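The structure that follows is given in the form of structure tokens.
Letters are used for the chains, namely A, B, C and D, taken in the order the chains are written, and counting of residues starts over at 1 for each.
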Amino acid sequence: MPKFEVVPILELVRETPTTMTYRFRGDFGGQPGQFLMVWIPRYDELPMAISYLGAVKGITVHDYGDATHAFATFSAGDRIGVRGPYGNAFRLEGEKVLAVGGGSGMASMIAAIEALAQQGARVVTAVGAKTAAELLFVERANSAGEVHIATDDGSRGFAGFAPALAEKLVDREKFDQILTCGPERMMKAVVDFAKKRDIPVQASVERYMKCGIGICDACSLDDQLVCLDGPIFTAEQLAQFEEFGNFRRDKSGRRVPA
Amino acid sequence: MPKFEVVPILELVRETPTTMTYRFRGDFGGQPGQFLMVWIPRYDELPMAISYLGAVKGITVHDYGDATHAFATFSAGDRIGVRGPYGNAFRLEGEKVLAVGGGSGMASMIAAIEALAQQGARVVTAVGAKTAAELLFVERANSAGEVHIATDDGSRGFAGFAPALAEKLVDREKFDQILTCGPERMMKAVVDFAKKRDIPVQASVERYMKCGIGICDACSLDDQLVCLDGPIFTAEQLAQFEEFGNFRRDKSGRRVPA
Amino acid sequence: MVDLRTEIAGVRLRNPTMLASGFLDETGGSMARVYEAGAGAVVTKSIGPKPREGYPNPTIVELDAGLLNAVGLPNPGIVEYEHEVKRAKKAGAVIIGSVFGKDADEYAGVATKMASYGVQAIELNLSCPHAKGLGTEIAEDEAAVRDFTRAVKDAVSLPVFPKLSPNVQDIASFAVAAEEGGADGIVAINTVKAMAIVPELKMPFLANKFGGLSGPAIRPIGVRAVYDICEKVHIPVVGVGGIGSGRDALEYIMAGACAVQVGTAIIPKGLAVFDEIVKEMGSLLEEAGFASVSEAIGVAHA
Amino acid sequence: MVDLRTEIAGVRLRNPTMLASGFLDETGGSMARVYEAGAGAVVTKSIGPKPREGYPNPTIVELDAGLLNAVGLPNPGIVEYEHEVKRAKKAGAVIIGSVFGKDADEYAGVATKMASYGVQAIELNLSCPHAKGLGTEIAEDEAAVRDFTRAVKDAVSLPVFPKLSPNVQDIASFAVAAEEGGADGIVAINTVKAMAIVPELKMPFLANKFGGLSGPAIRPIGVRAVYDICEKVHIPVVGVGGIGSGRDALEYIMAGACAVQVGTAIIPKGLAVFDEIVKEMGSLLEEAGFASVSEAIGVAHA
């Protein structure tokens, strides 16, 4: 049984104007792509990818709404609750791997990017963000391989969305595996161009979560549970889903447009 | 945690007119001197020494009262509940060991007698009973070493009590360890003559038991619990007890003369 | 081969296991998957008249002996839920629709809509705040249990199964009240009032502070509830609370239940738990000389 | 060093742990040993006016999540018990005498004798059959809780702590009744109504069929009870139910208890459990920045 732990925050690292990394000790293992349920006391408990594996773990949190906003005001020494790791992990396959990350999606992929590099794979990362200041983990990805940058506003690198940049990269070089995490439409675009070229894709999907352990049904995507069967699905699985890219569930369980 | 199991009785073996052995499969281990809590469905749950260790366990039950009387009418295939093994075990020490058993007390000692013989010790057993027909496990003890017999009515062997017979044996031969189990006054006599001769004694004590696991306090002997700290105590321990040989507790917890 | 089929007030089940309300039953896809995994029936999430978000997280905590939750009845509302029932029906699932409301009218209204979606029976989740009784639940007021049951019975032509709470002095008298209200069967038990505190944070674990306990911790409480209820009513009883094996299920069956529901055990065992329970129940019944599960119902009362 | 001493209605304890009634407290020898092993106080077995054998075996069953028992109040009677209290006092033990009876007079009579043996306080075990209420327990009748407490208060000059049952709809209202009766403190909770059936034997495990559940399974139930009670009364509360570690104890303390009792945890941990709890409590309190256990009492209500 994955255990619940209360841990003091050792360090907060500002990654971008809207994103903060929190480091804490945790000897609960974890593999690239897995996530934790992170309890921000008095605010909420949320799923967060493990952005740093190892003894001093890390999560990297985008300031989306009330809870993550409040979390940004925490200090070193403040305590949070963590349970997990939950979910499946990226399969670390391929000798030439393309990673396509959008926004805070990089937090889910960065550990896999580093692990693949570690085991000798060439990893090319296409990182996208709205603007240059919001680019996440460019340096870490760069140390692990090659990085290409896309910004919506053209403030750095390719002006446009990450999938368009990524499509250029696959036309230039043959990849045998694509990893992706980011907004659902972005991932859908990645899946689409990869399909044309027959490259396997692993995409990390986000859904609203309550339990994180496969009982509450909050995170369901068709008949799969993102917390238990995912968060990582293959392009073949995603193609079966009626809901991927089209619908998500709100907190009440209603299907709403994605 | 020792587990509870429901087991069918494989075989009933009549040992004496008032004593029956029940064999059943049980893979819960057990060491010489330990006991089980045996549930005789619809009657009672009682502590019983393990008289046969190994895969096919055995308990050997004297027909004392209501429950054990009803138990004697059970047949092969009938199911009983067993939990344990509980309690401490005989320390299998000494190269020349004297075992002094009275009545159904032999059931607690026979596994130790056999184990000592197995490990090369010379084991001399003094078995006592009211009358010849009630002698228990004479053959098993005989296969393990030398047997001397005492009967209260003189119908076989020495006419008198086992301790008197045993005292003769220790005068004839030097023993480095004495085991005993039987009526408390018998054991007290054994402890007394052993003390004079400085021979260590391990005695298996019986007390009324409810839980068998050290919480209900039914089995207490001064500040020790027979189910948990015992049932086997050394002569030194017994000497400290105000109650040994003098008082026992009835079902209500009252101290009554032993 | 032991015959494991069972029946509750005319609802026939291929085996005596059901998915308990609140587990993987907010969406049709999940309910279909659970049915395909082997459950004899699925009970829907408790559905109310309108969409409800439920309580903020944390809503669910794994404790050493059970699970503590305060999800707060999140549900998409009975209108939207039609889609989910239809999806589960496509997979052939036997579906029991669980409903709640703030008063008898709301119960009847939601049950009527639920019935129209083609479910086989209605389960009444009475463990929700009582509009009239300050602070108490409907499940804690015998008269309300009787009246709400009656209101729903009058509104639908399906079997109606009120689900009782163990947080009362004598659950059997509530079962009697439900029977008086026309219930076709009883489901027992819902979760047990409980709380966990995290010393390191000096605060309750759940955002809602209080919650309900489920899982192994409550099995002996549920078995006793079912046993007590079966001594007092003549309608069938469905047992729920801490069931995760065939032995566990048989405790309830022998206490008098004709079927069982499984929730928390999905955490350690996954959806295979339904198949495992059914297989173990079959072999234990066979060893004990039963030809069918129905022969074993209530034998512990002998 | 965190100050771990505590006090309940004037009874001073070297640490907040006590032996719960019914565990190793039928004899003075055992109580002395438990006190020497580190408990802050020992509560005696519940003693009645006359010797009682209790129910036949099986009386105690270890389940996966807790312990089920129906010992049936065996006790040597208040006259014989003098010997045991005296023996425990010789070891310097702080002793709370638990008493029961069939009516208010018997409670008062037994408590008076118990007080004369030199115990520091009286605990009222109200979980025994109600002479007036058919089939119910004294603990399930608010008026009886108030009246029996009053009768004992009138009879002795020691602090009196009624021990409440969780088998009621709202335990806090029973605490209020006890307070009205003059209680100096509340002990909560006693065991939870439960039952276990052995499928292979087709019968209940306990000779008495029904029993009470204790151990880890009931900790969240007890914590909630104590939390609820502390919102309603102004007298100190002692928490009991499933405590086996310092963290467990702090859940109760932060819910509002000023001391805790430990029973079932003795099975897995032995008598070292008292020391272990006290040490772990100390280091958790220190980490959380508390200077004493009394500062932590009730902080989860913030």
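Simple rule for what comes next: a contact is a pair of C-beta atoms (placed from the backbone, for glycine too) under 8 Å apart; a residue touches a chain by one contact, two chains touch by 3 or more.
Model, not experiment: these values are computed from the prediction.
**Student:** Steps needed, at minimum, to get from subunit A to subunit B via touching chains?
**Tutor:** Steps on the shortest route: 3.
**Student:** Take the average of all CA coordinates in subunit A, do the same for subunit D, and state the distance between these two points in whole angstrom.
**Tutor:** Using C-alpha averages as centres, the distance is 51 Å.
**Student:** As a quick test, compute the distance in whole Å between the mean CA positions of subunit B and subunit D.
**Tutor:** 36
**Student:** Once you find the CA centre of subunit C and the CA centre of subunit D, what distance in Å lies between them?
**Tutor:** Whole-Å distance between the two chain centres: 33.
**Student:** Return the residues of subunit C touching two or more other chains; collapse runs of consecutive numbers into ranges.
**Tutor:** 200, 203
**Student:** Show the residues in subunit B shared as contacts by 2 or more other chains, in ascending order.
**Tutor:** None at all.
**Student:** Give every touching pair of chains, nothing left out.
**Tutor:** Result for touching pairs of chains: A-C, B-D, C-D.
**Student:** Within their complex, state which residues of subunit C touch subunit D.
**Tutor:** Touching subunit D from subunit C are residues 63-66, 68, 136, 140, 167-169, 192-197, 199-200, 202-204, 209-210, 213, 215-221, 223-224, 227, 242, 247, 250-251, 254-255, 284, 287-288, 296, 299-300, 302.
**Student:** Under the stated contact criterion, what part of subunit B meets subunit D in this complex?
**Tutor:** For subunit B paired with subunit D, touching residues are 1, 4, 6, 39, 41-42, 44-46, 79, 81, 83, 210-211, 213-218, 220, 222-225, 249-255.
**Student:** Which part of subunit D faces subunit B closely enough to touch in the complex?
**Tutor:** 22-27, 29-30, 32-33, 45, 51-54, 56-62, 71, 74-77, 80, 83, 198, 200-201, 203, 207, 263-264, 266-268, 270
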